[in-house]
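Have a look at this one before I ask anything.
Chain naming follows the written order as A, B, C and D, and within any one chain the residues start at number 1.
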Amino acid sequence: MEDLKILNPALDSDLDIEDELDDNNPFDKLREECGVMAIYNHSDAARLTYWGLYSLQHRGQESAGIASADGTEVNDIKGMGLVSEIFTDDVLAKLPGHIAIGHTRYSTTGDSALLNAQPISVESTRGLIAIAHNGNLVNLGNSKARLERDGAVFQTTSDSEIIIQLIAHSKETTLVDCIADALTQVDGAFSIVMMTRNRIFAARDPHGFRPLSMGRIPGVDGAPDTFVFASETCAFDLLHAKYERDVEPGELIMVSEDGVTSRYFDRHTKQASCVFEHVYFARPDSKIYGRWVQQSREEMGRTLSRESGVPADLIVPVPDSGVTAAIGYAAESGIPFNLGLIRNHYVGRTFIQPEQRVRDFGVRMKLNPVRSLLEGKRVILIDDSIIRGTTSRKIVRMVRAAGATEVHLRISCPPTISPCFYGVDTPSKKDLIAANKTVEEICTYIEADSLAYLSLDGLVHSCTAEKPGATPVHNTFCTACYTGDYPTQWVDVADILPATTTV
Amino acid sequence: MEDLKILNPALDSDLDIEDELDDNNPFDKLREECGVMAIYNHSDAARLTYWGLYSLQHRGQESAGIASADGTEVNDIKGMGLVSEIFTDDVLAKLPGHIAIGHTRYSTTGDSALLNAQPISVESTRGLIAIAHNGNLVNLGNSKARLERDGAVFQTTSDSEIIIQLIAHSKETTLVDCIADALTQVDGAFSIVMMTRNRIFAARDPHGFRPLSMGRIPGVDGAPDTFVFASETCAFDLLHAKYERDVEPGELIMVSEDGVTSRYFDRHTKQASCVFEHVYFARPDSKIYGRWVQQSREEMGRTLSRESGVPADLIVPVPDSGVTAAIGYAAESGIPFNLGLIRNHYVGRTFIQPEQRVRDFGVRMKLNPVRSLLEGKRVILIDDSIIRGTTSRKIVRMVRAAGATEVHLRISCPPTISPCFYGVDTPSKKDLIAANKTVEEICTYIEADSLAYLSLDGLVHSCTAEKPGATPVHNTFCTACYTGDYPTQWVDVADILPATTTV
Amino acid sequence: MEDLKILNPALDSDLDIEDELDDNNPFDKLREECGVMAIYNHSDAARLTYWGLYSLQHRGQESAGIASADGTEVNDIKGMGLVSEIFTDDVLAKLPGHIAIGHTRYSTTGDSALLNAQPISVESTRGLIAIAHNGNLVNLGNSKARLERDGAVFQTTSDSEIIIQLIAHSKETTLVDCIADALTQVDGAFSIVMMTRNRIFAARDPHGFRPLSMGRIPGVDGAPDTFVFASETCAFDLLHAKYERDVEPGELIMVSEDGVTSRYFDRHTKQASCVFEHVYFARPDSKIYGRWVQQSREEMGRTLSRESGVPADLIVPVPDSGVTAAIGYAAESGIPFNLGLIRNHYVGRTFIQPEQRVRDFGVRMKLNPVRSLLEGKRVILIDDSIIRGTTSRKIVRMVRAAGATEVHLRISCPPTISPCFYGVDTPSKKDLIAANKTVEEICTYIEADSLAYLSLDGLVHSCTAEKPGATPVHNTFCTACYTGDYPTQWVDVADILPATTTV
Amino acid sequence: MEDLKILNPALDSDLDIEDELDDNNPFDKLREECGVMAIYNHSDAARLTYWGLYSLQHRGQESAGIASADGTEVNDIKGMGLVSEIFTDDVLAKLPGHIAIGHTRYSTTGDSALLNAQPISVESTRGLIAIAHNGNLVNLGNSKARLERDGAVFQTTSDSEIIIQLIAHSKETTLVDCIADALTQVDGAFSIVMMTRNRIFAARDPHGFRPLSMGRIPGVDGAPDTFVFASETCAFDLLHAKYERDVEPGELIMVSEDGVTSRYFDRHTKQASCVFEHVYFARPDSKIYGRWVQQSREEMGRTLSRESGVPADLIVPVPDSGVTAAIGYAAESGIPFNLGLIRNHYVGRTFIQPEQRVRDFGVRMKLNPVRSLLEGKRVILIDDSIIRGTTSRKIVRMVRAAGATEVHLRISCPPTISPCFYGVDTPSKKDLIAANKTVEEICTYIEADSLAYLSLDGLVHSCTAEKPGATPVHNTFCTACYTGDYPTQWVDVADILPATTTV
């Protein structure tokens, strides 16, 4: 190619160190680890579970699994990837029966990741038990050590296995008593569904950290109803199931031939449900802790507008999670709303199997500014969090480069200053920008014209107030990531578990 | 499982025939066949082409390909699937050189689909030529018959092969003359990029049916500029390329060591650019035919509101394509906008490799209503087209079942009454509901409280008017799908091509 | 295709029921379940283990796994398929350390088959332990019930998990005592390798059912030696390891920083090593129970010739396993040897992932007669077993159809009349033709001109005699499949384990 | 791992440069490029073609394809990999019809390799034509230039495409005349099968370089016969087809509704059939050029023994290709034959998808010596060729290391001194050891005690003599690789075709 003297090296200087810091998570979002699902009494229980998991796919895209039972045998199948990739018709055909549970998982990668996929099925003196789990246990040291002293061996690093070992080692007589006994011995976040060959169990930790709801599909032609449990109610809609109620914090529900029975293994702990489910995790069409997420998010936007309004020409959400709050902000402020950033939908919520080239470009591969909207405008960007700050800086720069005269960033929750130990994949404190800089310093770093976060009161109000002026109810939420006040005495699990990820 | 008398068969009756009719296209949208891309003078031309194709992924998800050259050799690689799946770093490393063209394709499936993937590369008396093509040729009968009489053999069913054979059979002397000669012999829609070992060509059919734009990345450090061609300008943004101008209808551009040269192989045909690019195909952040798509769509919504307003409480778009028009409708009408339908993003714009279970549920697997928003409201749904009507009916029912008291449907273009022969995968006339029913009958069929389409004048106005009151310019657009007036004398290609899809 | 009146339906009638009976095993051979491998003190222990497993691939093709340790961490990787497919360089790079164990497995299929792959790694009060196991335990009822009463939960159906649970539940103080304690509590066949983060263990059941040998790679440049354990000595050759001795029945060997230590957990049981390893399983270049397999097989052929010679023109082995015996038969009888049946090597020893079309043709897809050799000849076929008889019949017919005037079948072991419970996948008694028919009846069934089996004395002689006339030593072999005399009181494991294969 | 001072680095020095020289071909064998197959008049023609290709798999493992027709439509499917991997039941179901052709191919790798897979199907003025080709054309310069001047474009680098373009450009009237016309315009080796929607053609170049046979499956129940064409007769056996005769050199056969017709497009060229088919390529159960390969190989061994016998204790073949000659050698010499080298069958004839670790060990991963046989013996090794010599040296060393006191190597053909241009993948002259060293020097290089090759007369005699003393018929064979006398005036195709492999 001697005939072309000078090639254009443009763009090569475009890839900077920062891009690589958050390569695996180009939107700089926090990630939760699981969605769970259970069906009792439907002729095609595994298929319904599959549909439910499909609706819960946003809660974890690494692996998924379903176990089913027909009253006699239990079968389970797990795989790496999206629910719709794993469970083809052929695969579902191997999961007969009227009972099923399912799980979808975000997780650290690793060659043995499939071994950590759920549901976990074990044979025990109580017969076959399968379990699927959302959340993260803490303070496991004593339980694990005691179990190992009693001869327990651990094949995975999942919390589910600890719970199931505690059940197996319980001295109680009936299975349901063993389960209740086991659940009193663990600390932390767990929303669990379990099954045997002919029963379903659902339980939620005493703080009620993670959501878990119960629904019902009315029986047709005189048939008994089908019972459904799911991490989010959006999983009910596809099944035409009706939301019945939440599994309560500290409650253990059993569904069997004899119907639904409920007991409480803990009634005394103060509820501390994760508020970030309303801010970011849950789908807006879900009802979480009995309240519509859409409603909370719109109110976050409205409150944010009231708390820290600024004159502007355009409200632009950072898609997709900032959209509802932006609509609320726009409605409250009277400033026009429009989609000034277009998201490329050919990558998932987080990158499925991220590969080098996509990562190098980070956020620019996923978002593109709409110059015709932004040019000459004073823009208010609405996002739901700032974790490290690098992504926000890129977005602010991008919007300004597209012609915006001012770029104001508004965040629909308070500054994230502390890691979560209850099932959210937060980076450590040193990587959380708000743990290390003031709001003013963050504003400078991200190069915005102004920056404001929603107040804690404003957030809690947004997630509770049915009508303007209602009293905020602080204490039913876990807001540790904003305050550092943890509902449990936490211990970093990394201190307990062995360093190896594969055994 | 003898212990459970009656299983709940709920849902089984839910799968009706209609669902299966449009299984492969659960949103009942029209599909276009391609996006094209070309780069001249960049040290990593294949990588830039890859990024461009990634931005054009919405124009075709079945297969993709890139050919590159370093002045001496031409290499090409094609594969089935998404751009990001095919072109890993390892693969891109096999595509060295400063020149590249690329293609992404929606297509009918088939085991030999890879053979129809593009670019097509051939060795000829003119040396190595690679071609990538967007659009659909018509009236091929004579050309093909003549070529075959001259000994041509066809290994694919793609239009690109016909063009390349015409080039090879041309009696002209220079390659650029041969290309111009060939392009005068075909009829229909083509936006083409071609390359040899050291040159790039770009051309657009005389009607200018499909878009094709030219951009430029300024050379750094005194290096010459990089030239970029792409189906949509959104592909320029990721490359930091500046939109320069459109390739004009009937124009053939060559980029070589000697710079950019342009010639017209046809100056006399009246422009007839596909208006549906503005309605649906193109990304809102693209400039198509020199106009921002976002602007057109917002104006469609505004005009629709003026033409057929109706009292309501909420404007809800059918995501994602209806969003911009809905924002315009809301702004014009003063009725609040909100996302009352949530789209599950774990399936692509159209189903990539649709599989049985997902399909059975059709639209319900992709959209879920937000009950908290819809309940008790008079809702105006904004969508961009009704093809068969079955999907619209499901959406109307879904919104009503979620509590809406009234459901009005507004469509941001006129009724689709005629198939397209210029690169859009329209069903035949008998399957187009608007070709067979009045608007009133359609309204009854889809069970809406009211239905209105944007007028043809309103549509053209929306795609042209820079400010309210500007004169609409009908005749620069192809609106055949709304009027049946085809700019060319069309012949159904099915009558010409052999029945077999694999040879 | 109206222009062709009558299509030739030849071959359609060729697929009969019998073919389908043994579709998965077209050679009608018995299958063993595992090969194991261990390395202590080599800088690339996982790679050496990989090479060893590659040499042991004939002992199991379904899944394979390797665990390695560097003194601190233990990592393991398992996968479905052949060793060379699973362990690429990238994968081996994730298995650092100087200690490793490996496993290759034939097994029943099932979606959860990977969960049953080995090595199994667990965390216990004894730290991390990984285990790989060849053989089959019997009489597990009591052990399992006792373990479950003590709270054990079983995640797999593999015997390895039972052994590891017994170790974890042992009341002994040191790990080596716990292992010895555990091994005294199980009955049946086991040749085991185990590892912790810094030690290797190898043990063999008191009967010594399955082989397990120890080898040594001399240290170079003053480095200490590397110790190797493998199911067959052929795995030593590729590593340039020298055969040292067998792990003795009832022996437990530990290799650690302190060198090699040995103890016996059982000294009183009479050896009963599987004679079928010499007949069929092991590779002819392996030394099994201290004797070359090649030598045994050649002697089987010679003895067979002496015991039941018949006038003939040609000795033809059923490849590949019958070849060595056939050479011996030919040498002893003076009748020429030749390869009258050609094996298609594009399928493995047993079909890897058998697929419909290959199976329909059963044995004919794998063997083809050489007409030029067989035509007009009196042929003696040499094979190593007849299980159901259907395959033998097909081969006899095939040879006769190729022109042989007489077909005599000679089997290099006695009639197989009883199933194995020690690690061989024998069909049940009702499917063993020799359990249900006399030799004469079998001869009629398979349509041979004559049929003879090697006598039990002849077999044992062949596997022991160093020179003609040496005394046969019956009682060191397990010959239960020929006699029905089981060395242990067996219980069909199917009666104990749950019906489900996946939990 | 600080607790282990010195790890054993044994084996690391074992990988030398030579191993890497012939990594892709650890047996140092020559490779041929194709097998072809055709079926006329069977209700399941594609399936029969699949079975035939399965039997021809040894002639090419890279890709395979089948085209079928039902009198109206032609379908084709090609894929990378083994026949049994590509053609599952689902795939075969897409190939209906009573006519089919197939192809299996060894080839250079490359991302566009699938585009070079065969059959190639084209649409032309003659209708749909599919072609599959074994051999290699030479002297293409003029034909290609003339075709390109006439407007032909080439999408592949395969010879098949040239033939088909020549057919399409022929001025003759009927298709069969066009084919005959085309075949007179090319030079080199071709054994071709072709099909249209309702006819089959088979042709062989005038020298008859490559084999091609015709067989017949008798019609049952009064149905007309099925006609079969295949590269080797072993493909007939599985179909129960009877060998009818060879397609003659220079003959073109057409099978249609009107039956079988034959014509000669060249009667004057002297036959020069590849003798290496008898030495190595073909399966021993095939009849090639009307003679059983098994017979030729056994006679090669016998002649070799007569020509260059040496006192020894054991005849050991290099498996698998040396086995038959070794049996002949043993029979003639009276020295015992045995399998002193065991081949690991978990890799194919050549490595399918060779991967790093397997290659590093080269031949040792595939062959293992049987020490019990070799120890203390004077061994004669029988192999069918020496290409570079590196592999032979390793085998000689291996056998000596296993205890052989003398190692004599006998080769069942003359020294290979010249590359093949007729379809065999020979290295260039500089890499052929016999082109650069005397037999004595080669013997020294490979470290054998003695080395001898079969004489050319001996080879030709072995491939022709029906009984001892028959006259050898030199001139019907191409022995250019042993003599350098090429039947055609050859031109290296590398001089003509473009350097790029992908266009």
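Simple rule for what comes next: a residue touches a chain if its C-beta (ideal position, glycine included) is under 8 Å from a C-beta of that chain, and two chains touch if they have at least 3 such contacts.
What you see is a predicted model, and the numbers here were worked out from it, not measured in a lab.
Where touching is counted per the definition, chain A and chain C have no chain in common.
Between chain A and chain B, two chains of identical sequence, the interface residue sets overlap for the most part, with shared numbers making up over half of the total.
Inter-chain centre distance (chain A to chain B, centres taken as mean C-alpha positions): 35 Å.
Inter-chain spacing, taken between the CA centroids of chain B and chain C, is 59 Å.
With centres defined as mean CA coordinates, chain D is found 48 Å away from chain B.
Shared interface positions of chain A, i.e. residues touching 2 or more other chains, are given as 72. Under the contact rule defined at the top, the touching pairs of chains are A-B, A-C, B-D, C-D.
Of all residues in chain D, only 1-4, 6-14, 41-44, 47-48, 50-51, 54-55, 57-58, 61, 70-72, 82-84, 87-89, 92, 97-98, 198, 217-226, 234, 237-240, 257, 283-285, 287, 292, 294-295, 298, 320, 323-324, 327, 331, 336-339, 342, 344-349, 355-358, 361, 364-365, 368-373 touch chain C in the complex they form. The part of chain D that touches chain B in the complex is made up of residues 67, 72-78, 91, 94, 111-112, 114-115, 120-125, 128-130, 145, 147-155, 164-165, 168-170, 498-500, 502-503.
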